[in-house]
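Each of the next two complexes has chain A plus one other chain: chain B in the first, chain C in the second.
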Partner chain A sequence: MKELSLNILDITENSVKAGATLTEIIIEELGDTITLTIKDNGCGMTDEVLQTVLNPFYTTRTTRKVGMGLPLLKLAAEQTGGSLEIFSKHIDKYPNSHGTTVKAVFFKNHIDCAPLGDIVETVKTIIQGHPDTDFFVFHKLENGEVSLDTRELRQVLEGVPLNTYEVIKWIEECLKEQYSEIQKG
Partner chain B sequence: MKVKDLANSDLFTAITLPQGDREINGVYVGDLLSWVMGRAQSDNAWVTIMSNINILAVASLSDTSCIILAESVKLEEEVIKTAMDKEINILSTNMDIYNTAVYLSKVI
Partner chain C sequence: MKSLAELQAIKEKMKNKVILREGTNDTRVVVGMATCGIAAGARPVLNALVEEVNTLGLTDTVTVSQTGCIGICEYEPVVEVFEAGKEKVTYVKMDPEKAKRVAKEHLKEGKVVTEFVIKA
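Take a look at the complex of A and B:
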């Protein structure tokens, strides 16, 4: 992926497919690392599936014999001297605490580290594509933080779908405003 | 030209050649795997310096006729085994990517 944000889109897509009602997208840019954490409450994976998920010839899709999201994220992280970890609890074994967490660490000073990309566009795309599931986005930077919680939005919106043009526009403005506040310091 | 013909030339060595009769009808060059995955065409020879096992999945998805490793990049044994298993042709050359592409443009 040319940008880390494309990995966020890809991994979040897995979460939604796993039936997550809430997916947390946490980006921490502290010191010389960028840590991406995607945590969902979807059905989780069995130990057998977890064993094969980093194998590029495994996939949850039925149309292809290879699924590249996680292997490519692992490669992108390791190319910078970073790492990828996956934790998962399958619904059969953990009926009340199931879900998957993917955590990738990148060293941003490494010459092969991809740029983070446009987080505002990424969040808009995710919410637009999945208006019925919830997302908590949290971007922590050295000098401030940006956050968005669709659960809070939903309460205020009283039934207006999240993929309504005005709502998406509002989300964009809200995130951009938070980023510009940080830049001002 | 067929992959086996290229493998028989002095400039290339076959690392795996399970499907030597595949035709090469074009060339794609690139190292960013996610990028290559959506752009390399079926029956292309794909020239790269990447050696991670993921290259096999990319070659398989894009249905390239062979992977050509430029600058004599080495593969781990596991990658070679998997390539045989998945019937993916891999050639090696000590030319760099540019010269490999220039050469291929003359011969295919």
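Take a look at the complex of A and C:
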């Protein structure tokens, strides 16, 4: 993956597949580190699955026997001197608080740290592909923050799908404006 | 900042259209968005298709959606076109420029762009 934002797109897919109704994507760029947290309320993983999930030869896909999403994210984090942690509560054991949290820490001054990349494009793509589930995006930078909550948008839209072209465009402009506000300081 | 009032206006505009549109989308364009597709550059391909389908005024008849791994990772980014009553067309090793050509020549004008289609 050339950009961390592509890893975000990829890992979020797991949350949606796990039946999450809400997935939180939190990016914190503070000091020397970028911390990426993807937290969902999906079905979670059993301890058994949790132990194998970082093995590239474990996958939920049926087309072939290799799953690279989490191993690639782990590699991307560890090659900067950072780390990856996964916490998960399976629905069978935790019927009221199930879900998975993936947290990756990157050291951004390390030469092997991939650029964060285009968060706006990633968020657009996620919402375009999954208009029926909710996402909360929060990007904290040294001098400001950017956020988007599809639950708020859904309330206004009253049934108009989130993947309507005009809505995706609005989301893009909304995020871009927030980033340019921060740049202006 | 973008206001929710603007979003409200979009809702008012789209509400009637949505009802009209139901059931008329007879062409489905699917982009492979698993790890393999994303790593190969599927995100800009998908977004180029969404843009172009709108620019060409095809949103009433064409739906662009995402899927997981299609099983031919080495040919990613992969774009599949499903049209009612026709055989599926699979475009491989796509990029945003190729995606725009597919939108114009195939989705709008009905001519399959054979040079991007996977060879059997």
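Quick note on the criterion: the second predicted complex is superposed on the first by the 185 of 185 C-alpha atoms of A that agree within 3 Å, B and C clash if a C-alpha of one lies under 4 Å from a C-alpha of the other, contacts with A are read in each partner's own complex, and residues count from 1 in each chain.
Throughout what follows, a residue touches a chain if its C-beta (ideal position, glycine included) is under 8 Å from a C-beta of that chain, and two chains touch if they have at least 3 such contacts.
In this text the structure is predicted, and so the values were computed from the model without any measurement.
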{"item": "Which superposed partner A:51 touches (first chain B, second chain C, both, neither)", "value": "neither"}
{"item": "Touched partner set for A:83, first chain B, second chain C, both or neither", "value": "neither"}
{"item": "In the superposition, chain B vs chain C on chain A residues touched", "value": "C"}
{"item": "Touching partner for A:109 - first (chain B), second (chain C), both, neither", "value": "neither"}
{"item": "Chain B versus chain C as contact partner of A:165, first or second or both or neither", "value": "second"}
{"item": "Which superposed partner A:75 touches (first chain B, second chain C, both, neither)", "value": "first"}
{"item": "Partner chain(s) touched by A:97 [first = chain B, second = chain C, both, neither]", "value": "neither"}
{"item": "Set of chain A residues, in rising order, touched by both chain B and chain C", "value": "1, 6, 64, 68, 72"}
{"item": "Chain A - residues contacting chain B, complex", "value": "1-2, 6, 56-57, 64-66, 68, 71-72, 75"}
{"item": "Touch list for chain A against partner chain C, complex", "value": "1, 6, 9-10, 13, 61, 63-64, 67-69, 72, 121-122, 124-125, 128-129, 152-153, 156-161, 164-168, 170, 173-174, 177-178, 181"}
{"item": "Chain A partner contacts - residues on chain C that touch it in the complex", "value": "1-2, 4, 6-8, 10-11, 13-15, 18, 33-36, 38-39, 43-44, 46-47, 50, 54, 59, 64-66, 68-71, 73"}
{"item": "Chain A partner contacts - residues on chain B that touch it in the complex", "value": "32-35, 37, 52-54, 56-58, 60-61, 82, 86"}
